[in-house]
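If you scroll down you'll find the structure; I have some questions about it.
Labels run A, B, C and D following the written order; every chain starts at residue 1.
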Amino acid sequence: MESTLISSANEQTPVLQVLDYSLSYATKFGALQALKNINLTVEHGQTHGLVGESGSGKSSLALAILRYLPGSATENNGRLLLSGESLRDCTLPQILEIRGRRVSMVFQDPSTSLNPTMRLGDQLSEVFVRHQGLTQQEALEASEAALARTGISRPSEMLRRFPHEASGGEKQRVVIATAFACNPELIIFDEPTTALDILTAKQILELFNQLQGETLISALYISHDLGLVSQVADKVSVLKAGEIVESGPRSEVFGSPREQYTKALLGSLPNPKNWLGATEPPPKAQALISAEAITVEYGRQSRVGQLLSPKPTHRGAQDVDLKVLQGELVGLVGESGSGKSTIAKVLSGLQDFDGVIRFSNKNFVSRSKIDRNYRRNVQIVFQHPDASLNPRQRVHEILSRPLKLYDIVPPEKRAGRVEELLEKVRLPIEFADRFPHQLSGGEKQRVAIARAFAAEPKLVICDEITAALDVSVQASVADLLVKLQQQTGTACLFITHDLNLVRQLAHRVCVMHHGRLVDVFQRGEIESSERNSYTRALMEAVPPHASQVL
Amino acid sequence: MFIFNILRRNVLLCMALALALPTFVAAQSNGGTLKISHSTRIATLNPLSLSGPAEYPVIDMAYSGLTRIGPDSQPMPDLAKSWEGSPDATEFTFHLREGVTFHDGTPATSSDVVATYEAILNPDIPSSALSVLNMIDSVEAVDDLTVKFTLSSPFADFPTSTAHANARIISEEALSGDLTKLDTVVNGTGPFKMESYDSARVTRLVRNDNYFSEGKPYLDAVEMHLFPDLAAETTNFLSGDIDVMLLVQQADYARISSTSGINALRVPSGRYVNVVMRFDQPPFDNLKVREALAYAIDRQLLVDLVLEGLGRPGHDNILSPEFKFRIDTPKKNYDPAKAKALLAEAGYPDGISLDLVASNRPAIRAQVAIAIKQMALPAGFDIKVETMPHDTYIANVWKKGNFYMAYWGMQPTEDATFNLLLTSNASYEDTGWKNAKFDELVNAGRSTTIEAERAAAYSEAQELMLKELPYIIPFYEDVLTASKDHVKGYSINPINRYFYLENVWLEKE
Amino acid sequence: MTLGYLVRRLLAVILVLIVVTFAVFAITMILPGNAAVMILGEYGTDEAVAALERRLGLDKSWYIQYFSWVKGILSGDFGQSLRLSLPVADVVGDAFLNSASLAGIALISVTIIAIPLGVLAAINRGTVADLVIGVFSYIGASMPEFVTATLLLLFLAGPALGLLPAGGFVALTESVGGFASHVILPATTLGLILTAHISRQVRSEMSEVLSSDYIRAARLKGLRERRVIRRHALPNSLAPAVAVISLDVGYLLGGIIVVEEIFAWPGLGRLLIYALENRDLPVIQAITLLLATVYALSNLISDIIIAILDPRVRYA
Amino acid sequence: MPKAFRTAAGFTGIVLLSLVMTAAFFGPFMAPYDPQAFHPASRLEGPSFAHFLGTDQFGRDLLSRLLHGAPSTIFFGLGSTCIGVGVGSVIGVIAGTAGGWIDSVIMRVLDGLLAVPELLFTLLIVTFLGGGMGQAMLAVAVAFTPGMARIARSSVLSIRTREYVLAAIARGEPSHYVVLREVLPNAVGPIIVESSIRVAFAIMIGATLGFLGLGAQPPSTEWGLMVAEARQFMFRNAWTVAVPGVAIALAAMGFNLFGDALRDSLDPRQSQ
């Protein structure tokens, strides 16, 4: 095609050069340096991975290249060159010609980056109309072809759908097809798989590799996930607080990182080879808790409610049998919607259920039967650190509540116990007087863990407690949990979608799919051929640890 | 027998005089539509029971009574061309005009008159005129054009009573049918007939070509336009194509009368706001308290403030100077010191706290109440004014409360005035002042046709009333209306129920 | 959106209306005073009031009155106005048409003006245009109708300018120009507060849409701003705007009461005040029922429009 | 001061609100004249040194009347909103926390009441109660209740699924603790924001009722009533209607601006 011819003519010039580029934002606390003297080059046909934690400035760079910066941004110095052409010197009409045609972008979440009120076909074809001057009809045909390339089986039908009628993976394919539509010189991928399920993410990643191989398009691939980047990038740059701390070929950066920060990042990546978990419970250990034939139906209504506004019901969990031994850490794995959180809610007495829960010689057949002793002994920690602490209570109030509720220590000793708890979760005791909004995400999660352990429970349910945290924080929280478990002998049900993490921590792993428990195995048996096909699919989908890619 | 031929003692207003004698004025031109604006709904057209200020002009146009109150406030012939009464004033005979027809073409005869009066006297039919006609013992048709009334007690003013605005002659046929039809269907003998009736907007009447008064009416049609908001009505009258503004507010009178091309009319009237005080409840059972309040009111200032000067101070006489038998009433000048002293004598040396209730409609009631509150303050009256929506007032306070503001239109006769409110069996007896001597005097006044006797009885009745002070009547309010200059022959009566629109013509430009 | 959904919504509307009629009937029944007293006013003797009560059927107990009223409505008979001696259907019907024409004109002009204003403000966020629109909308939203109406009367219809009639009504069938000149002031009064409210809502919806990911995506596709606004942003901010407008219909139905009273517009609002003052229960009942129906239907219609505008709702 | 109040709009709101509240609390003490005192010699005058805002038809000082009317006007708005918000919140919280058929029934009844336009509903109630300031206040409160109940309910529902509330339930906290300590303190935000805007609305409805003769009654100095009483005289002295009319608008605007700024300052999207 013509455009590829043009770009191949200047094969010597790198597609993208970022030279000594700095950017700052005006805030009420003064200028905030977002990017500092960035140097980065994307060569022809190469994929450049840009790695960094949240707030490191990854997205700012992407938007700076596309000249889409908010009014509060100031570009201090440096140059941005697209095939040698200075983007900073382009006028707005020129930029409009570049966007979508010479540089396009794939966004993190296809469910928000597609217009909900427009058919997918219109959103794809408008690029052809805009940049290639096709008529509506021609553009639709071109769209169909573009979508076919992304592996969608019936593209013409997909084009007629609205975003909400397509799955996450299908939507992201449409976005990718749109990005590739005009054969741009550069495509920026901004965390294109983060919002997707593991299996879908895997497919999208494969699609990327396939298309990249076919078109030899240059890409800037932004991600916080080192494992992912290690699978796609030729060169990698590591961004920390607006500065590139390390840059080089993939093998160098991952294989023999020079910088401490890179090393730390790599080190905090969950590595299944690196067992962190607590001492295994003795094989004959007693079942602490066992749930039998748990079925949960959502949308169940009262008769009056049914009469007034009938809604369909659906099953959140079906016939789930699950047990946790004393001192054991059981990993519960599944994609979103698999029913793992439903089980967490059932076990913590938040969700009506059918079936039986056995705990300390008692059978509980419904939520309302669950007693105080059970509630004290089974504690839960939630996913979102921002939502799991009452924003209007101070930390000491939050932590002393279970002490008071279960009468664990006499009133006069509560303050002391709160300090002990804080120390246990490695937080300074001054934090007792703080409000949750004065803490970082990791700190909040530690408080939530401390609150759970304050009750001196026998089982702690951890529902995706690391999912919302940065990699490095994730590792330390996981580490803390294991240490506490070791100290107290508390059992733990650890719910996560991250198989690598679970393999580092869990003694036993349960896999859920579509509300059913499909597989249960000891940690050693994961590679076994007896594994369920779904478990295997999950295993394959998980990006291998960065150090193993090489 | 003698023909009633009563001359007014009081000086006639020049305006009324001019209108009473329209032949003095230059030749009238025929045709045209007169547009009248009003601010209250024409809710019903039932002549027996309607009471709205804008409803009266309509039935005055569409119906005739046996008699009608003329611009001189005396009964004048209407459907009856003449009448005579027995010397003892217990029998009255009316002679109807010949050849009069209702709007539907049926002749109007004595049987229609009899049917109408029987309807008025029927207790099952709501009728506003009943209170002035309840002395009728029987009514009979002597022949097609003669009706004879026999009264249960002598009543000299009977021809005035038959002129009551709600005593309009309705056809026998209409009265024998479904009476609710009277609410919307009009079949009268008046100068105009109903063309369209829309209570929310415009009511239109057109010329009755068969009207008994030769050559009248001059107009082709009259339209009544409703403007519920007073400010909007005034603005529209000043800048729109409305010819007559039926009722002008005091606040707007100066502005309207000073506008060129507009002729504002001001007719002194016996209309008044009165303070109702219950005789059978403290503190008003004590005459001194009533007197104290009477001296605590600056009547001239009230006229200036509330009426914008468009009225005359009243000194608690329920009869205004328009009434023939009104006596000279001593002036009660504003005297807080005297009021305070009277209050002390009554046993309230430290003043007295009172709740005065006023309906919010018309606004004048509350305004007077508020002004009284301010004026009576130095005299030791601590009055709390409680204003309430009219409907609440009617439902909860009227005829029940012990201290509130009432508001009454002018009645055609002394007798009607006294019997409306003050006699023991008055229609709206609201003070509990039941005075046998007063009843006797009023009865004496109505029972004789001898001028001197009537004057004596009514004088004594008034003196008694002024001494006992059943009401405080601070002023008489003028009736205000306005027309554009091209409207000729327009006048109103102080009683404000008679409009003589058959005399109106439009000057062509 | 399925037929079943529509039927269910309609049933809900009917349920709501039953609650409304019963509540209103209960309230009107215990109002102090009755129509007979109000009709005769201060000239009504006790006998006359009693006679009129008998004639109007007010001497019957409330549940008999309620059931005969409901029975009448089911057979299309709204009864007789106690005060106006006309069938309620006629009185209310005429008034309804007049109100509908006023409210309709106000609503349409508000929609035509407020949505572009809101969009304009959102697109030019932080500029003078935004500020002016913002100031206007705050002033508009803070002036009760009677203040606006009074000031308009004072300045536009007053003797100083006398540009427009100060009130009254000319039927559209009589004279189009007359109707137009009479409708301007009341419609402006009604419209001001709604324009303020709706433009503010549209502005905030539009700003939210403009800061959404898919608008950024559209812009980064290199689309021209005009297409971004018209094709991507507008359809998404219109659905919430329609919801706001339908809620404001309720406000409009309230505002019309005051505006009609001031500008002598022979509509439902003025009739309602009159009926309330005169305890004309059949008319109060009919108007309340009618207004509640209109309001409920406007919500239903807005749901349908939203479903058309937003495919997510359509198939939900 | 939160950031939202440092914008021009927020600042204007604060300034207007302080003016209005000062008038509401101290107005009667600052008034130069007795608001009911007649000055027959200077009726319907424009602003002068003797009367800063002019006089009405009885020669009463408009400034004094305005200042004396501030408490009744403002406290009408605050009072009716407080009652409406209080009762509405209780109903909404009950519906939101109880759930099930109680919630369904409450919501259907609320839907029925919400189907009657607010002013119409107020008119019916006030006619039933008989007109007057207290009655009008109660009527507005009653009319506000269903709407506030809805807002309280949805606020409770959104808080009820927060993880800290779930954590409390999972701990086995008694329900009064969950509702009073965990849910309510966090659900009041939207309720407070909505009520501050509702105050503006209540002031406007109160004035409208006064204007229609169903609210405050003479000789009250409530502002809506002042406009109603002065309308007859507006062509003779425009100040008589303009002064209270503008005062109502300013008071309502103060609460509107304040409410919006409050909303912005509580909105996490705006505060970042």
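In this text, contacts are C-beta pairs under 8 Å (C-beta built on N, C-alpha and C of every residue); 3 or more make two chains touch, one makes a residue touch a chain.
Note that this is a predicted model, so its numbers are computed, not measured.
Asker: So using the touch definition from the top, which pair is joined by more C-beta contacts, B-C or B-D?
Answerer: B-C
Asker: Could you work out how far the Cα centre of chain B sits from that of chain C, in whole Å?
Answerer: 41
Asker: Indicate the whole-number Å distance between the mean C-alpha point of chain B and the mean C-alpha point of chain D.
Answerer: Chain B and chain D have C-alpha centres separated by 45 Å.
Asker: Centroid of chain A to centroid of chain C, CA atoms only: how many Å?
Answerer: 49
Asker: Measure off the straight-line distance from the CA centroid of chain C to the CA centroid of chain D, and report it in whole Å.
Answerer: The answer is 22 Å.
Asker: Of all residues in chain D, which are in touch with two or more distinct other chains?
Answerer: Answer for chain D, listing residues that touch two or more other chains: 108, 127, 130, 231, 234-235.
Asker: Could you list which residues of chain A touch at least two other chains?
Answerer: Where chain A meets two or more other chains at a single residue, that happens at 308.
Asker: Hey, what residues on chain B touch two or more of the other chains?
Answerer: Residues 229, 231, 235, 389, 391-392, 396 of chain B each touch two or more of the other chains.
Asker: Could you list each pair of chains that touch one another?
Answerer: Listed in label order, the chain pairs in contact are A-C, A-D, B-C, B-D, C-D.
Asker: For the complex, which residues does chain C have touching chain B?
Answerer: Of all residues in chain C, those touching chain B are 32-34, 37-45, 47-49, 51-52, 54-55, 80, 83-86, 91, 94-95, 98, 150, 153, 157-159, 162, 165-169, 261-264, 266, 270-271, 274, 276-279.
Asker: Provide the residue numbers of chain D that touch chain B in the complex, in ascending order.
Answerer: 36-38, 40, 43, 57-59, 127, 130-132, 213-214, 217-219, 229, 231-236
Asker: Which bits of chain B are touching chain C when the two form their complex?
Answerer: Those in contact with chain C are residues 41, 43-44, 46, 49, 51, 123-128, 130-131, 179-180, 183-184, 198-201, 225-229, 231-233, 235-236, 238-240, 389-392, 394-396, 398, 406-408, 427-428.
Asker: Touching residues of chain C toward chain D in the complex: what are they?
Answerer: 12, 15-20, 23-24, 27-28, 30-32, 134, 138-139, 141-147, 150-151, 153-154, 158-159, 250-251, 253-255, 257-258, 261, 272-273, 276, 284, 288, 291-292, 295-296
Asker: State the interface residues of chain D toward chain A in the complex, per the touch definition above.
Answerer: Where chain D meets chain A, its residues are 3, 100-101, 104-105, 108, 162-173, 181-182, 185-186.
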